[in-house]
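Next come two complexes, and both contain subunit A; in the first it sits with subunit B, in the second with subunit C.
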Partner chain A sequence: MKVSVSSKNLVEGLRKILNIVTVRTTMPVLNNVLLRTQNGMLSMMTTDTDVSIVTNIECDIEEEGDITLPAKKFAQIIGSFPSGDVKLVTDPTMTTEISCGQAMFKIMGLPAEDFPEPAEVQELHKIDFNKIEFGKTLKKIGYSVSTDQTRPILNGILLSIHEGSITAVATDGRRLALVEKLLDDAGNGIDGDFVLPTKVVNELQKLLEQDGDVTVRLSESHASFIIDNSVLTSKLIDGEYPNYRQVIPGAFKNSVTIPREHFAEVLNRVSMVLNDAGASVKFKLEPNHLTLSASSAEIGEAEEPLEVSYEGDPVTIAFNPAYLRDPLKNLDCDDLTIRFNDEFKPVVILGDEGFLYVIMPMRS
Partner chain B sequence: MDAFYASVEQRDDPSLRGRPVVVGGNPKSRGVVATASYEARQYGIHSAMPTAHAYRLCPSAVFVKPRMAAYREVSQRVRKILHDYTDLVEPMGFDEAYLDVTENKKAIPSATWVARDIRAEIAAVTGLTASAGVSFNKFLAKIASDLDKPDGLSVITRDRAPAFIDGLEVRKFHGIGKSTAARLAALGIFTGADLRARSEIELVRAFGKSGSFYYRIVRGDDPRPICPLRVRKSVGVERTFGTDVVGLPALESILATLSQTAAERLGSAGTSGKTLTLKIRFNDFRTLTRSRTERTCLHGPEALCDLAIGLLREIPEAAVSPVRLLGLSVSNLDTHDEAGDRKQPELPFDSNI
Partner chain C sequence: MSRIRILAEEVSNRIAAGEVVERPASVVKELVENSLDAGASHVSIQIRRGGRSLIRVSDDGFGMDSEDVLLCLEAHATSKISSAADIEKIDSFGFRGEALPSIASVCHLELRSRVAENPAGTEVLVSGGVIRNVAETGCAPGTSVTVKNLFYNLPARRKFLRSVRTEEFHIQEIVLLLALANPRAGFQLTFDDRPIIAVQAGNDLATRATMIFGKDSMRSMIPVSAENDELKVGGFVARPGLTRTSRREQRVFVNGRPIDARTIYNAVRDAYHTMVMKGRYPPVLLFVDVLPELVDVNVHPAKREVRFRHDRQVGEFVGIAIRQALRQIVTDSPPIPEPLRQPQMSERETTMPATLLNVNAGIPGRRREPMSFATGASVDEPSPSAFSATDADSEVAPAFAPRSPAAGPNSDRGRGTSISAAGRDAIRAMRVIGCLSDLYLLAEGPDGLVLIDQHAAHERVLFEKILHAARSRDGNRQGLLIPVTMEFSNADAAVLRKHHDRLNRLGFEIDDFGGSTFVINAVPAHFPQTNLTGMLHDIIDTITDSPLGARRVDDDAIALAACKAAVKAHDHLSASEITQLLQQLVDTELPYTCPHGRPTMINIAFGELERRFGRRA
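Let's look at the complex of A and B:
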């Protein structure tokens, strides 16, 4: 292989694919990035065998070919170059010359044949989303994904597509976040549940920053996302996602509306006196008033009132502030609505269109 | 339980009775002895010895692979018997437990009688023998249980305790291993009497906090209560290799597997921890450990593995010397259940998600 490519494009491309590379692996080739010429482009791919990502960048091809190079080292070298053209020349001994300006490296690689190809997605469904919208949806719920490896089905985001709407859901069993949206063209008749692993969700968010469309291809076992010049392919998490509808109360006795940013500020301020993860902040509600208070034996106490719209009976509910902070931070809306029945039953928070968050009050 | 695993094997296979039996790894591989029968102990075979060494000591011994399920079953039956007497049972592994029978469910006035009854019941139910030690604290009860093995019962009363402790070698004391014993010997301390002659300040200077503990136990003052629900302090996994492993890439891929196992064990114990310790033993038996504590709990095999590889790379010798054993353990465990009420409650999913 003999190609010339701009260092800026290389860096940009590597940034998208580098996170997939694992350091811990029994297959040394998985530490590498696959480089090959394809359809007049330089195709770069990384994989951990469950998730793989290919990105294609423009280049001048003098001679077609392929090679794999240690990904992190390659990225480090390319990143150190000034802007300009980088020449990659591979010889039959698997050594690749990397040069830019006066700098010249010879790096040992491994043969491209050893590199595992990504799974072929047997497309059942195809659906397009606006990139920014889709990225925001993932961001609004992603923090609720469980990190508990004993319940693998919860280590991902559920995309549930039924009757022309899509619901994206994440829960760790203690809180649940979802975003529901109507699909254009009634979703082309797609009907099914697909659970995307967290790793993919995190990688996707990086690729969804600019405007445009992402095409999602879904099969029974895999999903792939086509975003401009990149394709991210992943195994889906196998298993049945729990029936999340059952934890969302059907009716509420009370409702309170609060300005989101101010609420977040007050919550953060009041919780400064707390020093352990299990501590709670008390919400004392009276008509048109909410008073947040917190205390700990070691530090002291804090209290701050907020003007809110509330017309129900006086009540005090306690929440773990850590579980409230995430939705507050990731939403865009001006006002939040908290709906509840009493101080023990699940509480729902609404904000941006289609967004819903469920959390249990703390026992105070 | 006396020579527990080996006794279970001899009970279940009459052809093994009266013969030296070694339960552990294959003598041609590099496993260690889990338990040796009393017949095998006469040849100098003891637990934790490499089986290959045991084989050299007694080639005619019968080497048996452990059947953990069988031992677990016996262990559970024994535990049930113990709980008929008191709920203050502190298990120490499968085959040993401390009991506080000061007040017992059968209102037996003497601990010695309780011990006698329990031993008889264990023999009747399991067909195995157990040895018991009776005293007024854990340290002396443990010492007593070793005095008349197998199938024995010893009692150390308050009156006998000082004379008894004075004559005891310090290496038999709880918490005093080989290296502490050597350091004590360097100070001229060989027996309980030698230890008792030293001031607390002198012992603390030499041994830190442990010095204080030695000062107390040598006076028969062991403050440790029986803890029925002993909280697990670490979760670990280690592996001795069939042939020595050389080079970082091979070691790192083994760490990946160990991380996987450790993460599974943490998962099934329903916990996670902040500290990871890497243990490495070279083929000359030198053993090093390195550990690191993170601010938050380590979740999942990837996090464990990344940290483990980092620790491995801190040991320059690991890259070049042949390695016999690698181990990982996670400690500083999350004790979230101690404040169950203060935990974020679960959402009301009806199925077990």
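Let's look at the complex of A and C:
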């Protein structure tokens, strides 16, 4: 392989794909990035066998070919170059000459044949989303994904497409966040549930920053996302996602509306006296008043009232403040609506359009 | 008159009974083994009042004619071996010919038996070892032995029988083991007519294994199988990650006999090298088949132990078989936690698959060489003496603590040493300077280097919180939006049921769905948020293995079990948690020791350091 490519494009391309590289010793080739000429472009790919990402960049090809190079080291070298053209020349002994300006490296690689090809996605469905909107959806719910390795199905985001709408859901069993949206063209009749692993969700968010469209291809077992010159492919998490509709209460007796930012400030202030992840903040509701309070034996107490619109009976509900902070931080709306029945049953928070958050109160 | 005389047979039988017949479960074991030796394809075991009032074992085996029926009640009468040479290759369960006479000498026994060819069977009634009546009787082919009023003539032993439930537990264990070891036979066990175990002849091992491990755990078991000319091993072992606090779920069978085999336990431990923490045991169910002449089963009267002729080879063979099975899952499909590789995962877990492949390559594991200033004691389990060969106490005890444990009667706080206000200030003033291998915090104290055992400290903090919450009934509980459904083994389900209220007081909300299914609706809020299933299993294990005996487990013991499990589940502490830890430790009542009485921190005084570096004589 003999190619010439701008260092800026290389750096940009590597940034997108480097995170997939895992430091594992069982398959040394996975520490490498695959470089190959394809359709007049330089194609770079990394994989951890579950998730793989390919990005194509423009280049001048003098001689077609392929090679794999240690990804982190390669990125480090390219990143150190001044802007200009980088020449990559591979010889039959798997050594690659990397040169830019006066600088010249010879780096040992591994043969491209050893590099696992990404899974072929047997496309069942294809759907386009606006990149920014899709990215925001993931951000609004991503924090609720469980990290409990013993319940793998909850370690991802559910994309549930039914009857022309898509619901993105994340839960760790204690709280649940979802965003529901109507699809254009009634979703082309797509019907199914797909659970995306957290790792992919995190990678996706980085690729969704600019305007434009992302094309999602879905199969029984895989999903792939085509974003400009990159394709991110991942296994889906196998298993049945819990019936999330069941945990959303159907009706509520009470409702409170609170300005989001002010509420977040007060919550953070009051929870300063807590020193324990298991401690709660109490919400005392009286007509038109909400008082947040917290206390710990070691530090002391805090209390702060808020004016709210509330007309129900006086009630006190306790929450884990960490579970409230997450949605407050990731939403855009001005006002939040909290709906509930009593201090034991699931409580729902509504904000941005299509967003819904369910949280179990704490009990003593 | 000479003082020494030969004991009457009746007496010697009763003494032998002491060895063979410890409790109802041992009677069940002997009788069922006889049934199996008689080629039974179905054995039914009926128990009343935990075996005190009735044990009946009926089979459809060969049966005995009237002559054999009487002979089998004689000591050392057996059909199973006939010459000394036969002892060399025993392939039946029984052979010493002392079980039935021993049992008969301590109960009212009714034996009915019929060989298929004879039109009628024989019935014998024995009480206290004396044959009362022999008669012809109508009965189905096979043998049925009924033991009533066990130990009626040994009041001392009868007094030592535990509760019905405890005896039932032991019986159930024995029958489980026998059912596992004998897939060709069907088993039916009832306690006071309640069906407990029912397996059909020919139900496969996986079905039978589910009875022991429960459905959930069984999903995390992988099959093992290997064979050579002399040895064969098969069964299931746990995927890395599934462990228990005791060896209770490590079941080993040698030639179909449940055995406590140190050789095999060690092989299991070595095979999981670096994948299992010290003091944790992966559940296994292993069947080792050895040529009868290569194993000596005549070591222990209850046959709980065996001796292998080629001990080392057996160990190695089993070890290799397990490693192969474990390696399969590393290359084929990732172990349970693999798919996502969360950065939050503890280092130990993430590196598991990698180290596994190195087992044979002799790459050193986590075991470290003794530190340079240790005087030769292993540092594997750091003990105070590792630091100082001189006056261990004065150098190593928390330097700013009162010397004598002031907390003597304060046992409800766990064992520990209380602290003065000055002591607390001293801890507050400590500056953390680093962390040693994810286990110990190093801090600069007023008097030298302080090492803090993160886990012990964490355990102390959690313990006081959990206990406080349980006592004051104001512990926060976090409701689960999506309740967790769990399947337990029958034995574990019984433990859970028994301590249900206590767990509720701690902040759990567990619904009993009957059978072995439970649903967790809420957990104590300060508990780790992950691996609920593993945590509950650990709590149950700790209760079961409690040295006090499960009967005397109280709220504090449950709190202790819970916090031990919680700490395990929350193995890896993040940086922010570490900084919080010291602050929280200062606020505990007994910060110097973990609830089990081990120290949370030790101090290496400047004087000690100076001596070691030769700055001072």
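Everything below uses one rule, namely that the second predicted complex is superposed on the first by the 362 of 364 C-alpha atoms of A that agree within 3 Å, B and C clash if a C-alpha of one lies under 4 Å from a C-alpha of the other, contacts with A are read in each partner's own complex, and residues count from 1 in each chain.
Note that in this section a residue touches a chain if its C-beta (ideal position, glycine included) is under 8 Å from a C-beta of that chain, and two chains touch if they have at least 3 such contacts.
Since the structure is predicted, the reported quantities are computational estimates derived from the model, not experimental observations.
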| item | value |
| --- | --- |
| Joint occupancy of subunit A by subunit B and subunit C, clash or fit | clash |
| Partner chain(s) touched by A:D50 [first = subunit B, second = subunit C, both, neither] | second |
| Partner chain(s) touched by A:A279 [first = subunit B, second = subunit C, both, neither] | both |
| Which of subunit B and subunit C A:P152 touches, first, second, both or neither | second |
| Partner chain(s) touched by A:M362 [first = subunit B, second = subunit C, both, neither] | both |
| Touched partner set for A:E298, first subunit B, second subunit C, both or neither | second |
| Partner chain in contact with A:V247 - subunit B first, subunit C second, else both or neither | both |
| Which of subunit B and subunit C A:P28 touches, first, second, both or neither | first |
| Segment of subunit C intruding into subunit B (one of 76-84, 256-264 or 418-426) | 256-264 |
| Interface residues of subunit A shared between complexes with subunit B and subunit C | 22, 24-26, 147-151, 171, 173-176, 242, 247, 278-280, 320, 346, 358-363 |
| Subunit B contact footprint on subunit A (complex, rising order) | 22-26, 28, 147-151, 153-154, 171, 173-176, 242-243, 246-247, 278-280, 320, 323, 346, 358-363 |
| In the complex with subunit A, residue positions of subunit C that touch it | 241, 330-331, 336-337, 339-342, 344-345, 353-354, 357, 465, 473-482, 484, 522, 524-527, 529-534, 580, 583-584, 587 |
| Touching residues (chain side subunit B, partner subunit A) in the complex | 249, 252-253, 255-256, 259, 263-264, 267-268, 270, 299-302, 305-306, 309, 336, 339, 341-351, 353 |
| Subunit C contact footprint on subunit A (complex, rising order) | 22, 24-26, 48, 50, 146-152, 155-156, 171-176, 197-199, 235, 237, 242, 244, 247, 275-280, 297-298, 318, 320, 344, 346, 358-364 |
